[in-house]
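Pasting the structures in now, so scroll down.
In what follows, chain A forms one complex with chain B and a second complex with chain C.
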Partner chain A sequence: MNSYLLAFVQILLVLLLAPLFEGVMRKLVALVHSRIGPPLHQPYLDLLKLLGKEELVTAPHPLFRYSAVLGLAAILTTAVLIPIGMLPPLESAGDILVFIYLITLAAVMVVISGVTSDSPYAAIGASREVMMLLTVEPVILIALISMAVKAGSTRFGEIMAWQAAHAPTFSTLIAGLTLFIAIVAQMARLPFDIVEADQEIMEGPFVEQSGPKLALFKWMIYAKQFIFAAVFISVFIPWPVVQPAILNLLLTLLKMAVLLLIVGVVHVVNPRLRIDQAVRFFLALVVIEIAGLALALVGS
Partner chain B sequence: MHSTAYCQAVEKAAEIEVPARGRFIRVICLELERIQSHLLWLGIAGHIIGFDTVLMQAWRIREPVMWLCEKITGNRKLLGMNLVGGVRRDVPRGIHDELLEVLARVEKESTAVLAAIAGDITLKARCEKVGVISPEESIAFALLGPTARASGISIDIRVDHPYAAYPELGCEVMVEQGCDIWSRVLVRLRETLEAIRLVRDALRMMPDGPIMADMRQPIPPGRIGLSSVEAPRGETHHFVITGEEQRPYRWKARAPTFQNLQGIPVMVAGEYIADVPIGLGSMDPCFSCTERLETIDVRSGEVRTWSREELQALYRLRHGLKEPL
Partner chain C sequence: MNAFFSAQGCYLAGALLALLVGGKRKAVGWVAFGAAAFGTLFILTAVLGVFREGPVSSGLPILQVPGLGAALIYQIDYLSALFLAIIAVVSLLVTLYAQRFMQIAHYRAGSLRYFYSILLFFFAAVLNVVVVADLFFFFVFWEIMTLTSYLMVIFRQEERVRLRAGYKYFLITHIATIFLFIGGILLYRLSGSFSFSFLKMAMAEMQQSQPGLLHFVLGCFFLGFATKAGILPMGDWLPDAYPAAPAPASAAFAGSMTKLGIYGLVRVFCGLLPLSSHTQIWGLIIALFGAGSILVGTMTALVQEDAKRLLSFHVIGQMGYMFLAIGTGLYFLRTQPVIGMIGLGAGIFHLINHVSYKSCLFFNAGAVFYKTGTRDINKVGGLARVLPVTAATAIIASLSIAGIPPFSGFASKWLIYQAALRGGFSVPVFIILGLIAIFISAVTLASFVKFFGALFFGKYEDNGSKARVGDVPAAMRLPQIILAALCILFGLLPQLPLGWVYRSIAYLFPPGSMPAAASIYGGGLLNGLSLNVAGSTAAWNALLLTVIFGLCALLAWGLFRAGGARVRSVETWYCGEEMSDRDTRYRAHGFYLPFKQIFRLRIGRYERPGIYPTITWPKRLFRKEPALNRAIDLDRWLYQPLARSAVRLMRRFSATHSGVPHLYLLWLAAGAALALIILYSFSGGK
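Let's turn to the complex of A and B:
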């Protein structure tokens, strides 16, 4: 199939399925809370409602308006670079490093939304986002580089093929576990829901965002959740690889749902950490990962 | 709480003896309120640090207590049971079994919550050694109730100046030495269990007889009554001077929140922003109980306290009402 067409399909897949995964997550959280919870399609309704609202511009800086669009765009660009059960549609366009850059770009857009709004809550949220960015991103980067060292390539497709063909080793296990913790933070789930912290700083960087802009930010967060789940499953749990490709895609989506349910369980049994505690925690993870990377380099 | 304190103050002023059954029913109502108040607080404290599972579960445990209050008194909260001289209605015999069954369930579930959160590392990381106020500072700022007891100060009106049926029932004062938010959590959870014990004992020991004193004599004017009640947040004091025609001539209530708020600057000094909401929440504030407004002019640093009359005048001015009240 034409790889551009496939890329388009994958973007649509991310845009359309990400809110559903969010709905599943909300239902699980409600179950543990002994609540009935919102219907599965509630995130779609939320997005539709927000998209239909009038656009309020509460801060003069132009980036305040466009940060949401740019953030979502960055995340959707990663959608064509990552494997979701099959090879990345535009593999030649980018590897894990480009993926990291784009994820960082989305985080930077959240920071920009924070610093361009005239709200002290947003400013605190932005500073927290920067701190999280500086400590969580290295964890993701080192985990993926460990895998790249093992596979001898920085391309997602080759890492995936290598992992599918080999049994887990110490270094891949370390990389997998640390990446799992990092994606809990990337998905803004407890105990790392520090940037938004609605009881402390009222959604932080998003406090001034409303209407369509907020809808795009929400969509970006859902998409990010979906993409990290896809990356984790494809890179660390690619087995069993089944044919035809469409079946493998369905299996991957199922595995992603299970992964998100595990993230949901972590979410409901934890209170929010303080930013300094989270930073210390991730720095400790980096140390562990560097040990894992050393193992990968000596071939274990 | 407040109605008990007020009625007791008037009863003291007029030297009215409340019958034993009335006093026991007052204790049952007070302790049921304490149970639901502490569980409500636990939920909100959990919510403040993002732990919504605690919020939802604590409130689910609390709900049967609210239904019970409604069955006994007709109201979920603000039970409206007190009259000067006794209580409005009896606790019917038929409800005893249900009451005991609900209490057993609440006790079991509260114990389970206590066990679950006691082992939670993340929760402890947020609560231990945070919002610390030393025993000396607690005494200096005259902190009250669970906030003081969590700093190792053994004060409890139920024991220090027993009222209603507490002399017969006795009551263990729950004290923790940690001086931090975690200690405040433990004090309140242990008090919830003690409150369940008190309701059970009150039901068992409650004598038969009238629930109201003979109120045919008018209440004499010009008498002074002062009474204190241990509310869930700390001690509540009511002061009454009786007046003509069975009305109060003067009445003053003091709720514990205003006193407890004085400790907040010490608790949150030098802490992270994330610790301020839970530091404030850990003393279970009731801002509507504080009745005081201060404004600070940031340029001159001048502090001004507004009286109620000034606030009313300001309100009327803002709304174009020229007439002073």
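Let's turn to the complex of A and C:
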């Protein structure tokens, strides 16, 4: 029962803290732009406002209306499988593969909301989302699998424990770096902000989303950002492990904020790639990662 | 056993009755459905009996060919029972679906009595293939199956390209059968009998005395079964033959015939071949071929724009997954039996899932054809408005085949990944194969997003076709609903089918030699899967995570409603421009263009989208690089000339049958003289 309680706490943690991290990032981007920027709690205000706004429906299909609900639910479900500074609450329910495919389920919901909305811009966005998924998903998976090879297990807890007990090696460094780049893409940050690309296709799959639907999709993106940051920190930078679990959690949150700041810097100094450039880029990353995986298999 | 014979009787009686009922198009459909329904009932009783009381056998041979040492013996063990159940359910759904589907105008001129009797005859043959315990009669039924399926491929086809598909199918599968024959005969030389139990002993003996020959025999069996399963490059016939057949027949092929390749493979490589280094070598080969098929088949499916051709290439890809799983299983059975059993089980489990979602998808494509008269996914769109049930089942089946949790495809693919990755920890090549499988799973998703996105969403375009109002008839909706429900059920409760699968494979090995089911998958129907490999566990608890997903969805829905936002229906926004529905539809062709441009075949100046040769080539290409094109297009320089020369030979032969009695007499006299001369020379002039 205790683990279920912990799972519940972790879901709430993701749901409630994710917008704060977005606020931190926005502030940083503003600072680089030499602006004052919005207050840290601005994302909460945005979400609250959107939740009360009128919902415009362009297509009658029920999946169009509820894909945002299902997408957010999928991301929140992954919250029970991932470590945030401590062991995953429901580790016995799923491993890294289950985690990746639940994230994919959320992406599928974005795609479905795009194709059901009847807008050609959304369809282009959906097509791009799928292409990004095609190329980014293997990158994330191979990075995590290299770690799994090292730890001899596909469970997050065991991978984390292994990494905490060992010094970094070549293969873990390669895996960590490539995973970082993949995370930038998963967070829809420049240079990989190709799916939404508001100057080109006006938020792509979200062009016809409005009111509470848009709020949930935005929340989903914040939560995804939070979850990937947590996974990256817990799997690749678990040191130093401090003893009271609550302290470790706070430390992890701090490290996550730093990671997101780095992502923010990457976001601010880069132009957007075209989709074909991004696809080629990630395919090259896959090749590098396979070399890293080979290193992991021979034990370095 | 009696239940099985009664079922046989049902199918055959149905086939005869269908011929008798004849021209009444509705009645003949119901006759076929009735026969299949009773047959299915009997088969399911037989299957339940087997799973409850253990394998049964017909005991004494029913038919004997004394000169050959062949005897018709039926034996239903757990593996046979599993396949019997799959085939019976498919036959039931296919005949139910065909009842309305075959009434469309497209098949008006075709004789339905032949179609149904061939269909039932086909099912009867397929059912026989999985229960005979004698290689000779296995071949006999295998051939009946191939011939009847050929007749369905060419049913009502006037177009040359379709007839060509039939030719190609006929030729390739018969070459495959020849390989099976060669393998069988080589074994027979040693055993003196075609019975499976004797062949098993012969294999064990051959392994000691002639290991090289055994490899050759296994290679022949592999080629034969892989061809039927559609594994590339031997499965070249599949993407041409499937779209040519009517939708119910395609579903029947996908649901039963191609799967028999897997049945044969498991029967020979697990049931007959003793565990040895041979198993390992062939495990690796099977896995490599599987991974190749996954890659080429699915990447090719991505560029297809004909709904059924797209699905056919996915059949190849999905069969690749099964081959990969079974190959991995075979490789590790000897060294790490847990991984071995996970792999084998995952292969058969994936087969069950594939039957459910792929038949469903063929039914979906058929429903679209029924409604719009086209299979080109560029030409239709927005059909979710007219076909809500078809759209919903298509989405479920698509997500299932793409391996999205919590649907059934994810459970089996997850097991395949686990087997490949865990095996890969010790034998790295399997990690690469596993990564191919994982990457292609995403490609499958992409392909099916295109499939259902383009068919069912976007602006509905009434292109003046004979599209009637309302969804397809209930007889066509029901099979789709049942199959989609199976996708969800097996996804949420993977332990249920895995229990059957485990029993069916474990029985092939000496009792007690394989780890128990509970120690592999973890116990409890509701507890989800918890694999235990080499001290570390990996889990997928579908039910628990789905419940959590449901609760999270409730939470999200609460947030969604919390603001009390009003709902207003508006027009789609085109940046202020006025556009017609036709102009704004994002067509299937446009999906993933940049990605498709990266993955294209490029050798020198020669270039084409995708990496697979097709039989409808633009003329221009031939002039550019004739040599290369001709080399790839087997149709051109191998199958067609072969078929043509065979026909020419037959013509020459038939020319002797001129119908003139005098000529026949002359032939008789000449033949008698020849026989006399031969006899005379043999007897040495005495």
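One rule holds in what follows: the second predicted complex is superposed on the first by the 299 of 300 C-alpha atoms of A that agree within 3 Å, B and C clash if a C-alpha of one lies under 4 Å from a C-alpha of the other, contacts with A are read in each partner's own complex, and residues count from 1 in each chain.
We adopt the following convention: contacts are C-beta pairs under 8 Å (C-beta built on N, C-alpha and C of every residue); 3 or more make two chains touch, one makes a residue touch a chain.
Quick caveat, the model's predicted, so the values are computed rather than measured.
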Quick check on the chain A-based superposition: chain B and chain C, clash or fit?
fit
Should A:70 be classified as contacting the first partner (chain B), the second (chain C), both, or neither?
second
Which partner, chain B or chain C, touches more chain A residues
C
For A:275, decide between first (touching chain B), second (touching chain C), both and neither.
both
Under the stated touch criterion, which partner chain does A:235 make contact with: chain B (first), chain C (second), both, or neither?
neither
Is A:14 touching the first partner chain B, the second partner chain C, both, or neither of them?
neither
With both structures superposed on the shared chain, find the angle between the C-alpha centres of chain B and chain C as seen from the C-alpha centre of chain A, to the nearest 10 degrees.
110
After the superposition on A, what does A:144 contact: first (chain B), second (chain C), both or neither?
neither
Looking at A:124, would you say it contacts chain B, chain C, both, or neither? Reply first, second, both or neither.
both
Which partner does A:253 reach: the first (chain B), the second (chain C), both, or neither?
neither
Touched partner set for A:191, first chain B, second chain C, both or neither
first
For the superposed model, what is the least distance in angstrom between any CA atom of chain B and any CA atom of chain C?
9
Under the contact definition given at the top, report the residues of chain A touching chain B in one complex and chain C in the other.
124, 274-276
List of chain B residues in touch with chain A within their complex:
46-57, 60, 120, 122-123, 125-126, 272-277
Residue positions on chain A within touch of chain B in the complex are 29, 32-35, 124, 190-191, 193-194, 197, 199-201, 268-277
Seen from chain A, its contact residues with chain C in the complex are 7, 11, 15, 48, 50-61, 63, 66, 68-70, 72-74, 76-77, 80, 90-95, 97-98, 101-102, 104-105, 108, 111-112, 115-120, 123-124, 126-127, 130-131, 133-134, 137-138, 141-142, 145, 148-149, 152-155, 158, 202, 207-208, 211-213, 215-216, 219, 274-276, 279-280, 283, 290, 293-294, 297
Help me check something: in the complex, which residues belonging to chain C touch chain A?
382, 384-385, 395, 399, 403-405, 410, 414, 417-418, 421, 424-425, 428, 431-432, 435, 438-439, 442-443, 445-446, 449, 452-453, 457-459, 528, 530, 534, 536-541, 544-545, 548-550, 552-553, 555-557, 559-575, 584-586, 590-592, 594-595, 597-598
